[in-house]
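Notes for the one structure printed next.
Labels for the chains are A, B, C and D, by order of writing; each one numbers its residues from 1.
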Amino acid sequence: MALNVTDLRVYYRTLRGEVKALDGVTFSVADGEIMGLAGESGSGKSTLAKSLIRLDGRMRHVGGTVELDGKTMPLSDDTGMDRFRFREVSLIPQYSMSALNPTRKIGKMVGELLESRGERPERAELERRLELVGLSKDVLDRYPIELSGGMKQRVVMVVSTLLNPSLLIADEITSALDVSSQKAVATTLLGFRDRGLVTSMMVVTHDISLVYQIADTIMVMYAGRLAEKAPADVLVTAPRHPYTKQLISALPEVGVRYEDRRLTGIPGNPPSLLKPPGGCRFRDRCPLAFEQCAEQPPFAEVAPGHFVACWKAE
Amino acid sequence: MRRYFGRKLLIYGLTFFVAVTINWMIPRFMPGDPVQSMLSRANVAQPAAVEAMRAHYTAMFGLDLPLWQQYLNFWGSLLKGDLGISIWLFPTPVSDVIVRAVPYTLGLLIPSILLSWFAGNRFGAFAARRKWLDNSVLPIGYVLTATPYMWLAILLAWALGIVAGIFPVAGAYGFDLQASWSWTFLGSLAQHWFLPFASLFLVAFGGWAIGMRNMIIYELEADYVNYLRALGAPTRLVRRYAFRNAILPQVTGLALQLGVLVAGALVTEIVFSYPGLGHLILQAIQNQDFFLLQGTFLFIVIGVLIANFIIDVAYVLVDPRTRTGMGGAA
Amino acid sequence: MRNEALHFALRNRKLVVGTVVIAVFLVAGLAGPLMFDHGPNDYVGPAMAPPSGEFWFGTTTFGQDVFAQFVYGLRATFLVGVLGGVLAAAVGMVVGFVAGYRGGWVDELLNMLTNIVLVLPALVVLLIINAYLGVRSIGVQALFIGLTSWPWAARAIRAQTFSLRSRDFVDLARLSGVRTPKIILREIAPNMSSYLFLTFILLFGSAILVAASLDFIGLGPTQGVSLGLMLNNAARWSALQLGLWWWFIPPGAGITAIVGALYVMNVGLDEVFNPKLREM
Amino acid sequence: MRNRSRFLIPVLAAGLLSAACSGGSGSSTPTGPAEGAAGGGAAAPADGGAFPRNETLYTSGTQWGPPANWNPLREWDCATGTKGLVYETLFMYDPNTDKFSPWLAESGDWTGDLEYTLKLRKDITWSDGKPFTADDVIFTFELGKMETVPYHPLWSWMKSATKVDDQTIKFSFSTANHQEWANHLYSRAIVPKHLWEGRSEDEVMNGVNEKPVGTGPYAYQSHDQDRMVWIKRDGWWATKALNKDVKPKYIVDIVNSSNEVAMGLLLQKGLDLSNNFLPGIANLVKGSFGIKTFYDQPPYMLSANTTWMWFNTAKKPMDDKEFRKAVAYAIDTKKIVEGVYGNLVKGSDPTGLLPQWDKYVDKNVTSTLGFSYNPDKAKQLLADAGYKDRNGDGLVESPSGAKISLKLIVPAGWTDWMEAARVISSSAKAAGIDIEADFPDYNALVDVRNQGKFDLVLNNDKQLANTPWLYYDYLFRLPVQKLQSTTNYGRYENKRAWELTQQLDQVKPEDIEGMKKVTSELQKIQLEDMPVVPLWYNGLWSQTTNSTWKNWPTSAPNAPKYPPTVWRNWLEMGGTLMLTELQPASGG
């Protein structure tokens, strides 16, 4: 098992109190697994992705553990986490376009980064990897501003995977791209896994149709909790959680890109995470809701590799 | 890059043109006749003699020509480096008066600008996001940068000069000395230089430190910093990058602040009777010597333009974006 | 959202301290002069008296009440700051909005104008203008300060406008045929109101400093009293050499406190408006 | 190219040391006196360029800008001491005793109604070794034939100056203006013919005269932006002829940047003689700071000139002498003297004549016609002349009902005068006269003053001299020109007064009674018509310290009484003699 997350709770501190953005999440990602992570904005998917690599100033690790390759990651210890970062767990951020220091040539920046992590920069390996994503080695002598958006994204992808991490988190990396670039990026990610440059991958997105193309499994989150996790095919074709069902049914046709606003097209709003109601959080919007839903349903395995958090999912 | 410099030079050229025109225009459309006032100080009894002298000086200053011709002549003599003749220090050419004062002003300005810029940036970057420094030292920075230059100068002159008697508060070197390369003389020079320098330095230092601190805080929230952090880059590297990026607006800021700094030097010189351009301006104003005032004005404008250009060059060196032909921020 | 801003505002120490300082001086400037039945320049006491119960800040060489001068001077200082700041902000906004929104040759032209005024050292220009003015007043001083200190504001506003110009709501307004000035007023300006306010605060502060410098050089208003003029008089009448510290410390401290408070307010407001900068 | 480098080099020459180098050696600039000019065998001072304190006299208060020329004809802006220390005059005049003493001249007498014979001393040499002769004197006076030379008007009543022998000159006149001539005798600096011959008019008047060669006790040593340094010259004629010697080897005259700087230097004993107006100095004189003034109590200073308030008599209501008188009574001069000046000045006599001219004041006239601050009297005068407050604003309107609102102009930045103008404004308002103080800049003020476009203006252009004629010339000169640039700013036209003034000019200076007869009549006219209000006497600002040099002139019984000043045009009124009386404070 590459990644084991157990009852992870991460809250946001705000003035009005703690926002329970991630409220008891348990799942695992196997070696070689590419897991898509979907959900509306505010569902906690981004919080989850961030928690696994770096909590920002307002986030607090309240409880639960994360194990990567058998080692527990000290989420709230910023320096302790450094041991894992880059080497064990790495990130392709949403903001790839601006993730590179504008005042350093790319090659130099990579060199300095590696050196600061105590790694020996190997020019040849770097160039090979760039080639993999279709970039010439010239980019190393360029400043970020001289590259196009797509090029920058690919550079970031190369940099992030340079130390062959066990887990690569790709956070909404395609949202800024057009359809054909999205496809290319998706393919590149697949390539990384297939060549063994990364062991497992977590692809955070709001676009199930895209993630469906590359993911082995898809996990759906709702209001800070897990709703459903299943192999990609199963989830898309036979979802069991009412929320997933609504999500999927909102897709005009599997594999076709759909508009972001469709997801929010589901009637009603997600509950406030400041003081979330007890029990199932989808209750208010759920057509199937009944008394038992006042109790929090477990994230139970209803079929091999298929987990659902719903009393009616049996 | 050529486009970048081309544009800059065009702006500077136009600015110079505007400055010269303002310079020429203002005195001629303001009340008061410079020759008249000079003569009235000459205290000549006989009206006939006054008339003769008046005609003489008016012809000499070219005030009897048609305006357009005066304007052209003005440019003509300007390009020859002739800024006219000082009324206050008649018959010294204005350019000579200025040239004598300039070294003192530069001697104050250059070290105080550069040192305050370097020290302020270092310090501001150091203080940013370090709780106790941020809370204890930055208020001081705010007070410093809000202090009117002349007031700090007055305070220093009073406390260290008059009350404590450690530093002299007037002149550029002891009145008992003559310019020479002796240690006594250089020591005296440094002693007289210190307080004006210190007050300029402190005010500017406060400004740069605050500016840098705020810049760094912005930069530390930038995406590339988050990315580096996510990849476990140590704070040292992150701060180095943030500093490097935050310094860019500070370089531009230097160009923007130049006018303010020059103004600060002018009033500081006035407080310390330091014989630079500020002192000259005060004298020109008090003696209604408008040729000198104009000359000094032009000289300062030229100086600021040159300094701007130097900063532009420096900016190109530190900001790759301008070099790669994408056009800079500045 | 509004409430949140207010909440942060009340909890932001910088903002609170800055506002309180400004308020105290403002009240002193408005109400202080009412305490006196004499003008600031009247000879009311013994000459060169140190601070006492009767003359809180002592007296000048002429026996003028320094405290009375101080509170009257505050008025002048606020007035020149507000007038100069408002004028500079107005010019900066007009130039910035028009340049940023219109783009093209209008932008080029205004940008060039901005750059020219920007490069000219403002105080020196003011010096030369003021030196030739026969009669100088606070209004004229503020006018010229306003006319020389707008460029950086214009530049900043232009950049902001530029980024707002292509937003959906602006496009929408434009497509529905709203006229340009209205778009700027209704759509763009409100969306950067906090930014405009910050700009105004900085212009306010710098107008005060510039005015003080002019006053100190002897190019201040020819009538009345201001903090800068007090400094000028103190220096001219040898307050330093005669040890009349009560004459030159209050006006400088007043200017420093007001301008410093404005700067601190500015940073505080910035933190309130910009969540990224909030300290956790 | 040369011009370009003139601009660029200083800009590029950064750093302090280069600043010191090029800024410090002011004498290397093209206009400064050339290197060789340190004539008189002057050697650079020892000890790394420092002037030994005990041999150096530090003065200030004259030079308000860097020394720019050493041209004694430019009496108003030549470097301090050019006339007096280098170039000397034929006579000395001591205003305190009203005595002329021969200086370069041995004697001089009116040898006819229109003829004056001057005898020169023998054995006087110029600092370049050439003998001083009658030719030099004649040459100097003949320079006045050039129109731009300030004493050109002399030639409208002087016919010729002819050499009798090397030591004797005969001047003949068309009009014997005795008073003026006496003034010329001690005011004109004599220049060496052999060096000035052949200079064009422009050079004579506008020349810098870098290498001043004179007959006086000092020679040019060096100068910089902020100072003028003179070095004692060997072989000054007076040492032998009059047994007078100047003690300081160096005189360093410090350029005033401001009065407060002078005060600071004085307190640190960096100045021996400050001729600055130092407000608040009375406190220091009374304290233990070692600073002395001529008197140790008010007014502390000798008087140097009168501040007058001119009425523009060409304008209403200032054309009405009753109104003018009312204003004169309405001004609280005492408040100016005490409040503004802290008793450093003295209120003026109603005639405006300086204390040194007291003997020319006809007390009978002043006791009946004199005025003093009396608001009730002012109101009475106004009421009698028909000036009444018709609209109840506390301020009077003119008999015709027109509003009266006058502006008293004073140059902006002249802070003491600005304060005084405020006092005048408030005391006039208290008496019902609307006078507002206004502070245009100096240029604008000169413009409106000379063109007669003002209401009221303060002025003190005329200084103490040998003759009150100068004052009456200032008050009454006719005809009124389009521009009145130096005299009669009020455009006051009184033929009788002008005739009397001219008459006064022709009275011999020794004939005190004859002068008094004329001045008495002038004073009567002046006080009856009140074209101008004398307000206060400005001091001959002078503060001294005893740390290095002693025996300064003071009012104390045994002390010298010469004017303690190095102001321009005062050295020949005793300033030079003051220097000869100085003694080193220690070991002297």
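Following the convention adopted for this analysis, contacts are C-beta pairs under 8 Å (C-beta built on N, C-alpha and C of every residue); 3 or more make two chains touch, one makes a residue touch a chain.
This one's a predicted model, so the numbers in the text were calculated from it and none came from an experiment.
Highest C-beta contact pair count among chain pairs: B-D. Distances between chain centres, each the mean of the C-alpha atoms, put A farthest from chain C.
Of all chains shown, B has the CA centroid lying nearest to the centroid of every protein CA atom. One inter-chain figure worth recording: chain A and chain B are separated by 55 Å, centre to centre, where each centre is the mean of the chain's CA atoms. Averaged C-alpha coordinates put the centre of chain A at 91 Å from the centre of chain D. Centre to centre, using the average C-alpha position, chain B and chain C are separated by 21 Å.
Centre-to-centre separation between chain B and chain D, using Cα means, comes to 38 Å. Looking at chain C, one finds that residues 131-134, 218, 235, 240-241 touch two or more other chains.
Those residues of chain D in touch with two or more other chains are numbered 258, 264, 413, 440-441, 444.
For chain B, the set of residues that touch two or more other chains comprises 30-32, 162, 169, 285-286, 290. Residues 222-224, 226-234, 236-237, 241, 244-245, 248, 318-321, 324, 326 of chain B touch chain A in their complex. Listing the residues of chain C that touch chain D in their complex gives 41-43, 47-48, 61-63, 131-136, 218, 222-223, 233, 235-242. Only residues 53-54, 56, 81-87, 90-91, 93, 95, 98-105, 112-113, 116-117, 143, 145-146, 156, 159-160 of chain A touch chain B when the two sit together in their complex.
For chain B in complex with chain C, the residues that touch the partner chain are 10-12, 14-15, 18-19, 22-23, 26-27, 30-32, 139, 142-143, 145-152, 154-155, 157-158, 162, 169, 210, 214, 217-218, 221, 256, 258-260, 262-263, 266-267, 270-271, 281-282, 284-286, 290, 293-294, 297, 300-301, 304-305, 308. Chain D meets chain B in the complex at residues 3-4, 6-7, 10-11, 13-26, 29-31, 44-45, 47-51, 53, 56, 58, 64-66, 68-69, 74-77, 147-150, 152-153, 156, 206-208, 222, 224-227, 229, 252, 254, 257-258, 261, 264-265, 268, 270, 413, 440-447, 450, 461, 473, 481, 483-487.
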